[in-house]
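What follows is chain A paired twice: with chain B in the first complex and chain C in the second.
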Partner chain A sequence: MPEYPVWNVGGVGHGWIIGLIAMTHVYISHFAIGGGLYMAVTEALAVKRNDQAMIGYLRSHSNFLLLLTTVLGAMGGIGIWFAVGLVNPASIQALIHNFMFFWAIEWVVFVVEIAIAFFYYYSWDKVSPQFHVKLAWLYFIISAFSLLVINGILTFMLTPGKWLETGNVWDGFFNPSYFPSVIVRFLIMCTIAGVFSIFTSSRVKDENLRTRLLHYSAKWLMPSFFLLPFFLYWYFTSLPADVAKLLETGIANIGAGNLSVLTRVLLLTMLLSVTIYVIALVGPFFNPKIFTFGFSVAILILGLIVTGATESIREMIRKPYTVYGYLYSNGTLKKASADSSNYGILKHYPWIAEKEITPANMKTVGQKIFLAQCQSCHTPTGYRSMKDLAKGWDREFIFRRLTTLPATGIMPPFMGDEQERRALADYIGDIVGAGPWPPTDSIPTTTPAPAPTASIKN
Partner chain B sequence: MSNEIANKNHDDPNIAFLPKFIRERYDVGWIVAFFKHKEVPVHKHSVWYYMGGISLFLFIVQIVTGVLLMVHYNAGEAHASVQAIMSQVDFGWLIRSTHSWSANLMVFFVFLHMFSVFFMKSYKYPREMTWMTGMILLAMCLGFGFSGYLLPWDQLAYFATQIGVKTTEAVPVMGGFIADMLRGGKELGTQTIERFYALHVWVLPALFMMTLGLHLLFVQLQGIHAPEFFENQPADKKKYMKFFPDFAIKDVYVWLIVMNFLGLLAVMFPWELGAEADPLAPAPAGIKPEWYFLAMFQLLKLFPPEIGPIEGELFGIMLFSLVGALWAAIPFIDSRTAPAWRSRATFYFGIAFLTGFIIFTMWGHYSK
Partner chain C sequence: MQNQLPIPHPDPLGVPGDIGLILFLLYLTFFLHVILMNALLGGAFMTVISEWISRKTNNQQTKDHHIHLAEKLGHILPFSVSLTVSMGIAPLLFVQVIYGQFFYTSSVLMAWIWLSVVFLIVIGYYSLYAYTRGFERWANRRYIFMIISCVMFFLIAFIYVNNLTLMQTPQKWLDIYTQTNGTGYHWNMDEATLMPRYLHFAFSAIAVAGMLVLILGMREKKDNALSSFMKRWGGTWFLIGTVANTVVGFMFYFAIPEALRKAFTEGTGQMLFLSSHALFIIGTLAIAAVTFLKANNMIGWVGITAMLVGIAEKVISRDLLRQEYLKQVNWTHAVLQTKPQNDVIALFFISFVAGIGLLLWVYIRYKKEVAAHTQQS
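Presenting the complex of A and B:
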């Protein structure tokens, strides 16, 4: 399984590279679908009332929608798979292997979606208004279909459900969190469509039209404001028991109770979401006249942060897995980890040239083991760095700590034998500036160390 | 008398929206009328008008979170009680984190407010007193920062305060006395915490709120200043926005956004608490004061131990006092009737002050 060389990123680390692309992509792709619904509903309304001013606005808004979704949205989507493929090839491999046909469908749907988007945009005034409205609906339906497909794969990673036993692809696809997740995402899409149209509306010159549009766009935020709490609750009840516990108590070992990063991010999303709704209500809805472009940019940024925060929660609660209960986030299969201390990293990673550990190559091998086992989440000195996390530990303690990683609740087991553990401990010891090893005969090799009290940093 | 008010207020359209209970008893029509007529100039620099409001908002956050912290803080067991706030009190970490971040943001926005007022020349006649009260508020703000920094009583707090108090010893004649009074003796200890605590939660807030009241009153009485280019426009080109509700709602927006930014900082970067202060331990390597004192700190380091007959540190303090006094006296140097060259000189002085502040802060930040 781990037969690929690794892509080494220092500093921000892999997680953030994928995270930053994913945040933007999710924001824009949700807008692509929600925006589709917005166009269809709004254009149908405008055509029915023969509201030419509104149609004029929709035309320019569709320009924005087309540009943003076909350029940035598409690039982001490809960017995610590209980055994940480099960072964690095993997880992509597992997903493709399982969902080959869904993947194919997704790509076809995507191409059709883009084609219709272009057709829609370039057919303003060239087809009858009624037909144009139909095109908008068609665009929405096709783009929504792409969500229905990808949602199966995304939710599968967190809740593979019966698939773990049956291996049946439909069990994996229509997994326990599939339906609540679809509804939550549709509600969020309406919100994002509203946020983006508030953004474009606030640029409209004609004051009368601008106030009308702002007031109208703000309404798009309201359904999710009232419904989202209930569907989010449904979503959380569909998660595995361990995950629910994780959410309640936070990630284990991080300070006392409410200090966990998960709880903190969750708090943040609540604060940000409520602010967005309050601003939308007080501003565009009740006082559209004084709402300016600057504020719409602020809402847009807040929306991006909320999207990022909720997506990162979704990613975080999956720890230590990529596919829950099946594949660990560092590309190790769960079933392989049953015998973790005899697995042998050097044996299983063909790209590590050294096949034996000697005093001379210990440092090099230690670093390669770090790349193989740790770097999908950690960096030496950057984000989630060993420098901070293992601060003040000596080599012996690190060595012993490597046997108790699963006790943290968020880390996979270390798959190496004793020699490999020692090499890795040596490498990490160098990073934190630990002193030399104590005389060899004094090292007890198997006693697990007590879990250290971690700081509140993530 | 009461009938008089009742009759008068009955017909006042300004307060028709108020409940009868209030209308009958209090003659508040003039307040409402005042706010109804208040206007804010709209021009390309209007964005700077929000800085004072943001500072005020952050001060309110300070009061709320500060009071909540007081409930659990114990000056006698300073470090242990802060530790308990961080780990045992529900959301204690969030409150403390918000308090610390908001303090820093408040200093930052007060600086922004001050420099925007300076460069828009809003300190000129008749607003000299607004500027002066602003200066007092700024000084107290820094006092809040200095006195609050010690309260958690961790290593950094201990040694940073040590340096800060030591600096005052350089003041001629009174220096030793001031330092002893701050410390409550020759060494930092529980006495010092209690004195700083009293300063931080009672003396400074009381003085601050009175001065702030005056500052805001002055702004209300004189209205918001508009820069020269705005005033020189023909009357029909000048655009104004109603203070209430238009500007007030915008203010609330900005406050909400600042609140979210504050939440983001407090949640993602919780304020750390170091190990309990140990007076016998060596000072942590590369210890530095908070960012808003960094410029002064870095500048002080540049002076040789002796400059002519006086101590380098004393020279530094004299220099800071002189620049500070000049800065506070700006409205009288660049007054309404001052010649144009003084106005230009003031402008360049401001530029030099701002640039120096930024450069020395960065230098202080990056130097080992």
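Presenting the complex of A and C:
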């Protein structure tokens, strides 16, 4: 049973609050690392060839990198931390308690990374070119370290692996999807570095330099174009069997026209990714002279959408958990849900002042139960709304449906007793405009509704 | 009593290290954070004042000195933001490990306000960059950027004080949650200690920024007039901040419920309380001597050191007070279960030392490179 108060965000939905911050942060933080590699490789080349025009561009690109990553990128990371702490305190609490000293290591790496970024940017023309290139490499290596640390915690959430049995933090850190995820993210970083450098290159006034830069930057998208499918396949094979089934079901149903949200987002991600590669190939790679700033903005925005979509896929396939097999997305421990003595929301959840349900308070309590049990994923009328999901259902059906939520494969069990189930069904019934209850004695209390197949409908 | 209050249980995974060790890390990193944060907050304030004076004065030398100081602070402040934020991450992490059940709950009660901190920092940070990068280009209007930054940072500090006072009074939580229906717009304005506590921080910031300007003055070797201006100006603002803080400190002390004042009057708390104030008196006298009697810089360094040690003691006192608050709801550190992860802790300390070592190496190499490059050109 969750123990924290729930932040009532109305129709916005908790998912969007984290999602909007996360997609911005992930995009920029990947650029911070990929961009570091881009700077190191490109500056080393430019110094070797004594290409002053290229060095001039890199100086201004590093300014862009610094201003974007050390402010918006860094604050975005803290923003995710704040946001998760607000929408799902139990999750962040578990992650921090399990990985506290890994977080502390990540903090050390972050501080060093930021400091070296400053050394790098503010030492243009003040140190030898060779030392400056060394600083670029150092920045990249340290920032890559930050990925190696945070990746262990991020992948743990989806594939905690042996940790579930052993409780050993190393089992959780080096979990089944750790290595494929590192490589996938590394390839994506190179792509994002290319996308951002295409963006800044397209603003260069000198046509000859701009053409060279665009052609060169487009090459940074190629490794992921060729390699990403293989490593993504490896990544997907490391996921839990239920997740694989969820993905397969969605893909298999494409032919039947039954597109789950997961499948739709997956398709969108693939289509947009291919679009980015095609634009990069046709534009900056083969025809850099005709490539305009407008196109570079388009690629940049598409990249942001793809980042957001892939992050939302990661979130969707983790359902109904925030830590797979351990903690449900509404803050209930899986272990606790198996013990019937933990059921009874008014008895166990301290944030509902009413301690018994009466006809007079039924609707109020129903709304509070919705907040406590459902709002981590649903809203009444906004994002993933009950208004759409329970459309056409009557109160009795909703009442029965609440007993079979885990059968969907994507929802945690409802932790309330029969009366609380009735109050919640009444509240949801009001949202969807259902008719009145049938006579009380005709409501079955134990008959389960038919279990739907596992899919994420909305 | 705890059972009747909606205080969540500590995380079942336990605390992955010795509580004493984590408290030590909390105090150490919070001390670094609070010094940097004070320098940033007070520095932004002093830059606004210098901008204002440089526009009002008819004395050319005063004008030049204030513009010089504003430019200098403008260059330092973006680094200060980065360092303040970086050094703020660690104590926030350690607070969440030990006091998470309180901290998350109070954060949810003021969720929108708490989340806004992230956006306010971004605005304040970019505004600082706009000020610094546009110092010449936007000479007539650059002060607007500094005012924006200053307002953002003082507002963030106020939000922090709201949350950190709310987290230690679980008695109020359920009523707040019921009244606000969990919408997350609650300010903790009815808290008696809120304003004195906030002002205590705000005036400390002005005093610390005064010390920063004093240091800049003591380190200025080329221009004597500028050096003595910065020493006098910095010392004066240090004294203004300190005197104001003495008044506010009394207000804060008496706003704390009497039963909880034993955080300052018994045992370790009393020792810290007395010795920190003794150090503040020594520090204030030494800095006053440098400011008004033109005493040797060494006296100034002694004063600054005494102030910093005093502030470090105050950091511990602050946590002792929090512990007294939580004892009211039958909570002590003893309720926390520890499950030390010694190998990861060792790895953390290795990375900590390696990180400092690497930065030192880069700094030394950078200095050498700059010297060699300057000689060449």
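Quick note on the criterion: the second predicted complex is superposed on the first by the 438 of 458 C-alpha atoms of A that agree within 3 Å, B and C clash if a C-alpha of one lies under 4 Å from a C-alpha of the other, contacts with A are read in each partner's own complex, and residues count from 1 in each chain.
Methods note: a residue touches a chain if its C-beta (ideal position, glycine included) is under 8 Å from a C-beta of that chain, and two chains touch if they have at least 3 such contacts.
As the structure is a computational prediction, the values presented were derived from the model and not from experiment.
Asks: Superposed on chain A, are chain B and chain C clashing or fitting side by side?
Replies: Because the two structures are overlaid on the shared chain, the partners are seen to fit without clashing.
Asks: Please indicate which partner A:T237 is in contact with in the superposed arrangement: first for chain B, second for chain C, both, or neither.
Replies: A:T237: touches no partner chain.
Asks: Taking CA centres after the superposition, what's the angle at chain A between the directions to chain B and chain C, given in steps of 10 degrees?
Replies: With chain A as the vertex, chain B and chain C sit 120 degrees apart.
Asks: With both complexes overlaid on chain A, does A:L302 touch chain B (first), chain C (second), both or neither?
Replies: Once the two structures are laid over each other on A, A:L302 reaches chain B alone.
Asks: Quick one: classify A:V282 as touching chain B (first), chain C (second), both or neither.
Replies: It touches chain B, and chain C stays clear.
Asks: Using the superposition described at the top, determine whether chain B or chain C touches more residues of chain A.
Replies: Looking at chain B versus chain C, the one contacting more residues of chain A is C.
Asks: Check whether A:R264 is in contact with chain B, with chain C, with both or with neither, and answer first, second, both or neither.
Replies: First partner only.
Asks: Look at A:N342 in the shared chain and tell me whether it touches chain B only, chain C only, both, or neither; answer first, second, both or neither.
Replies: neither
Asks: Give one of first, second, both or neither to describe whether A:S60 is in contact with chain B, with chain C, with both, or with none.
Replies: It touches nothing on chain B or chain C.
Asks: Classify the contacts of A:T381 with the two partner chains as first (chain B alone), second (chain C alone), both, or neither.
Replies: neither
Asks: Look at the superposition and give the distance in whole angstrom between the closest pair of CA atoms, one from chain B and one from chain C.
Replies: 29
Asks: Looking at the complex, which residues from chain A come into contact with chain C?
Replies: Residues of chain A touching chain C: 3-10, 17, 21, 67, 70-72, 74-76, 78-79, 82-83, 85-86, 89, 92-94, 96-98, 100-105, 107-112, 114-116, 118-119, 123, 126-128, 131, 135, 138, 142, 169-170, 333, 350-351, 353, 371.
Asks: Touching residues of chain A toward chain B in the complex: what are they?
Replies: 255-256, 258-259, 264-265, 267-268, 271-272, 275, 278-279, 282-283, 287, 289-290, 292, 294-295, 298, 302, 305, 455-456
Asks: Along chain C, where are the residues that touch chain A in the complex?
Replies: 5-6, 8-9, 11-17, 25, 79, 82, 85-87, 89-90, 93, 96-97, 100-101, 104-105, 107-109, 111, 114-115, 117-119, 121-122, 125-126, 129, 173-174, 177-178, 181-184, 341, 343-345, 347-348, 351-352, 355, 358-359, 362-363, 365-366, 369-370, 372-373
Asks: Within their complex, state which residues of chain B touch chain A.
Replies: Checking each residue of chain B against chain A gives 47, 86-88, 90-91, 93-94, 241, 245-246, 249-250, 252-253, 256-257, 259-260, 263-264, 267-268, 270, 272.
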